[in-house]
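The following pair of complexes shares a single chain, subunit A, combined with subunit B in the former and subunit C in the latter.
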Partner chain A sequence: MAALVLGLTGCKQQGGGGDAAGDIVIGEVAALTGGTATFGTSSNAGTKMAVAEINMAGGLLGKQVRLVTEDDQSKQGEAGTVAKKLISRDKVVAMLGEVASGRSLEMGPICQKAGVPMISPASTNAKVTEAGDYVFRVCFIDPFQGTVMGKFAISRGWKKVAILIDTKQDYSVGLSQYFKEYFAKNGGTITGEQSYGSGDKDFKAQLTAIKAGEPDAIFASGYYNETGLIASQARELGITVPLLGGDGWDSPSLVEVAGSAIEGSFFSNHFSNEDTSPKIQEFVKKFQSVYGKVPDAMAALAYDSGMILADAIKRAGTTEGKALRDAIAATKDFDGITGKITLDEKRNANKSAVVLTIKNGKFSYVETVAP
Partner chain B sequence: MKHHTSHFALLLALAVSLGVSLCSSQLDDYYLDIMLNVGINVILAVSLNLVNGHTGQFSLGHAAFMAVGAYGSSMVTLEMGASMMRVLGGAGPVAESVTFLVALLVGGVSAAVCGWIVGMPSLRLRGDYLAIVTLGFNEIIRVVLQNTNGDGPFGGALGLKGIPAYTSFFWVFATAAIAIYTIGALVNSTYGRGFLAVRDDEIAGESMGINTTRYKVLAFVIGSFFAGLAGGLYAHLRTTISPEGFNFLKSVDVVVMVILGGMGSTVGVIVAAVVLTVLNEFLRDFEQYRMIVFSLLLIVMMIVRPQGLLPAGLFQRRKRA
Partner chain C sequence: MQGQRYEPFAHHFPLSQFLQQLLNGLFLGSIYALIALGYTMVYGVLRFINFAHGDVFMLGAFTGLYLHKLLGPMMAMMPWPVAMLVILLLAMIICAAAGILIEFLAYRPLRDKPRLNVLITAIGVSLLLEYTAQLVFGATQQPFPVIIPKGNIGGLGGLTVTITQVIVLVTAVVLMIALRFIVMKTKLGMAMRALSLNPTASALMGVNNSVVISFTFGLGSALAAAGGILYASLYPSIEPFMGVLPGLKAFVAAVLGGIGNIPGAALGGLIIGVTETLVAGYSDTLGIPSGYRDGVAFVILILILLFKPSGLLGKAEREKV
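Entry: the complex of A and B
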């Protein structure tokens, strides 16, 4: 036992930043397997593309960038362990990830304690960046997304909205809460509040109760898997009003499952790959040529998180934790794929959201809602 | 003589874990994290082994007791930690330790009470039926926690955040040593004969005047207590817990450790807990094939050694009829 401890103690190396080959090492925690693997693989693709581009352009500070990705199996507890591994074994200078808020919350305090800046691409839960001043994100937060959809519903003249919450997901609970707050404060009425859990297949009981309240729209804030089923079952029950949702709808599976039932519904998102701006179209084309598919919001956000980190390393001129943190915090009007990103004093990205609708089986752009 | 040896082993284990803990800041964070995971899994596996191995009942709800312990102890440190520290004379290692000890005990006792409540009616069931009831209890705990109010004491689906990181090498391995000692001593006592009688032949045991229900409930309550302690340690190691982390799969993980190690063999179960936890880390290089490799290894193990790594009887010289 004592020998083992001595051996392990000996393994602890001092100093950080860079490895034997003199590369800059960046860590990424993503869910490559398990329940939210689609998000993890998308964000991983975006990050990889960003790193490849940085290296193609000559790297950073005269060094190449090496990305070390660890899978957390979409499991609680794993994210913390792999974050510790990346920091103490791989000596990463900064951390990218996680997409899921629950797992980012786990990584935050670890990165904070180690003094390694962390940028989450898509954790929208408000509490994530409260872990400390080393934790950032490049996406907007749940309050904002809930508020955006509340604003959108009011602007469409919908006065009565029913809410359907996935109580298993922090995300859905948070979104619904802020939607409700904004909507009720601005003259709307919540006609009913029903809940379900991820993995449920039958929503007829909830939908029947919702139908009785005769809402103008239904705010279904869960993820795409259940939303697809909810949409088709709502139509079967003769509910014709549109569904509203957040960025958790962003997956081709939504339309595959729901078919025509989801037509005319709306959701908020980080970016639209239909956006005609040349920067976005160039990104979409490049992504398609590498991965053979159109990038979703997770890929775009992960790409932006990598690019913002690269930009900060360049501005800081070093990979030392404190200086790098300050440089990331100073990010202002960064022209990313998902919009002009400015990090505010709470380390959240201040930027606008887009509202998309489903038209002819495709996500199409409706409007941009400013913060 | 033998009795003194095990006392000595317990004291030695406590001393070593305290010693290592004092220099744990010199340890690599990642390795320390793996070791703590190993320790927590050992506590879980050894405590489940009392129920599944020694007493021969099939419980599939160990994660639920872990959850009760995790939430119970976290609520003590989160809600009352500050005032307790004040009473104990301000923040400091002593006040922290006392607070954590109280929190762990609250977690363990609440888990034990839950174990008693579930065990009383359901331990009259046998075999598969008990497995279903415990599985159901696991889901009930998880779903209830999930559906609590987000601003409430349980935090709903979000779970609890900002739990103080009190768990250290000493706490984990001292608890593990106490768990191993207690369960080992229990199994080698009159009670142990009772547990074994229940496992080997319930009807024969009953006709010999053994109150089988009492022994089953006792094993279940003690197992739950240690699972609750493990939960408390886990919560204060991770600093954030959510109901999803205590799902059915977590229970299965522990059951796998017990079966792989050899039902009823304390040493085997400890080895399995260590091997499986460390293996999980080693297989990281395989990335997305990790779970396939992991499953294949388990299948091969079960074909080659169906009795487990170190089956019962290898280390315990027990008279067999």
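Entry: the complex of A and C
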């Protein structure tokens, strides 16, 4: 394991130089700081682990892989800037990232124009891969995720659900829309629709209005930071029904901020580290020995995105943009940590989702929902 | 949202829900009021807006966080009200010192220069504080420790009020009364008022203007720090830019109440807090998406500037030449 650790420290942020050393340079854009920092640090850890493993196994095409990571500070606008920098200054052959859909939407057209294939590990907004044929993702998309939670709510016998949308995030808007469509079509009633913007701290006004509609559950699909505050304020107002959300909840910060208030709520995710399959358990063990914590979905997806890229480079036999793009597009039944991944003609991954609940401060597996 | 209308209030307009929204707004407003007092005092004495005030508020919250980490074991042995007071008072003292230092280093050298210079310097100080904080504390949101036990106050019928909210309101009111006492009944307060009326005359009467200005900054920063800790207790997730929006709203509150007027700042804070909450809470009925709540404060600002530029409690002042 020492070699692996060494490998990891070897691929820290490095500036400039292109592939002067004869390495294959891969760019990564991640939110290492700011509002969604745990997404970025997790995905960065997953990517680094994938790169270290690839290099330990002899690299690709006889060369070593060098990862250049740029922090976009969780800021809209910054992701595009650092992506441009990675392409023009570091001359990356492919791009990994972002987690947040809003920021991937920004990077997509830039990578497309430069002819640099981009794989987003976890951006679920449907529009992300519509940027062009160089943009891929290894996760499912919002229509599916929203529908999964709609199905789940119906199966629990919940008839009335209120919706709380983060209108600043394309992700939350999309998820809410698909949840609403499925839920309303299958006999459910939406008791109210409230909105807020990322960075808000006070949700009592919206929650008081939601409470009046007496819903059986609240679909709050924002990211973890606001969701933590929403959960505690909901409980303070005497709202006892569960909250429902998507993979944007997947962060230890959720429980840190919300404490017991988030217990018994549900969210859809890409992967559960409680899954007993040997492949997943081996990944969890490896990750734990390097980083001292269990991997979350963002880490697993980022690991998969790195491995799929490596697989495509091997199959293409070159890092030239067009050939590499074609090889990524041809990915079929790739046996990843987050499931069997096949990229469809829209460059999205077709795979199942898991529903998790929060129990004793931990994310625990409830069920798997197939596409 | 288009095409489909949800009308949860079509049948009735429950009074208890309205009261709950009023309460929500009141607690939020009491914090805006605390921050607004700092703006107003500095304006009253120096005739300039200290835009770095919202960042001292942020500094207060982080000071509270680190004090709690530092004194953690000791805190555990004390009953929570004592522990809370210790953190609150220490943070207020530390931030008062920071405020005095900021004035000394950034504003004092510009005292005889045009007011615009010092205003722009204040914006610079604000950015300096924000990005230094990002460097030192990290840009990530951090959970604020529970210094006031969680729980609800019973016996209010359908209304819910948490212990935290009550403590926040009580502390805010106590601090405002203390401030009023300092300004109206103490010698330094009298000097502050004298300076505010006419700096040259007060200097001639033997008031040491520099000391009074330092004291004003210290006092304002202490209130901002208290506001920061109370805000962080209500919304326990803090980051280096947390002071920007509350700072702006408190500034609007100060203008609304009549800038330079202390009771006006308190009143302005409450009005902003309540309006914002009602807009968000009744967005369906009003037809304004609740995401626009922050915009409301600024619409109010524009209306005041149009119709009553001196603010609700402010006196119309003729420009001194």
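As a working rule, the second predicted complex is superposed on the first by the 353 of 371 C-alpha atoms of A that agree within 3 Å, B and C clash if a C-alpha of one lies under 4 Å from a C-alpha of the other, contacts with A are read in each partner's own complex, and residues count from 1 in each chain.
Methods note: contacts are C-beta pairs under 8 Å (C-beta built on N, C-alpha and C of every residue); 3 or more make two chains touch, one makes a residue touch a chain.
In this text the structure is predicted, and so the values were computed from the model without any measurement.
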Partner chain(s) touched by A:V257 [first = subunit B, second = subunit C, both, neither]: second
Touching partner for A:G102 - first (subunit B), second (subunit C), both, neither: first
Subunit B versus subunit C as contact partner of A:G80, first or second or both or neither: first
Subunit B versus subunit C as contact partner of A:S88, first or second or both or neither: first
Touched partner set for A:I190, first subunit B, second subunit C, both or neither: second
Contacts of A:T33 with subunit B and subunit C, given as first, second, both or neither: both
Subunit B versus subunit C as contact partner of A:D202, first or second or both or neither: second
Which of subunit B and subunit C A:Q112 touches, first, second, both or neither: neither
Touched partner set for A:K168, first subunit B, second subunit C, both or neither: both
Contact residues common to both interfaces of subunit A (with subunit B and with subunit C): 33, 73, 167-168, 195, 197
Interfacial residue positions of subunit B with respect to subunit A in the complex: 16, 20, 23, 26-31, 33-34, 37, 143, 146-147, 150, 156-159, 161, 165, 234, 238-242, 244-245, 281, 284, 287-288, 290-291
Touching residues (chain side subunit C, partner subunit A) in the complex: 1, 6, 8-9, 14, 17, 20-21, 24-25, 28, 134, 138-141, 143, 150, 152, 160, 162, 231, 234-237, 239, 242, 245, 276-284, 289-291, 293-294
Subunit C-touching residues of subunit A, taken from the complex the two chains share: 33-35, 37-38, 73-74, 167-168, 190-197, 199, 201-202, 204-206, 208-209, 211-213, 225, 228-229, 232, 236-238, 253, 256-257, 259
Touching residues (chain side subunit A, partner subunit B) in the complex: 1-2, 5, 8-9, 11-12, 32-33, 70-71, 73, 75-77, 80-82, 84-85, 87-89, 102, 105-106, 109, 114, 125, 127, 167-170, 173-174, 177, 195, 197
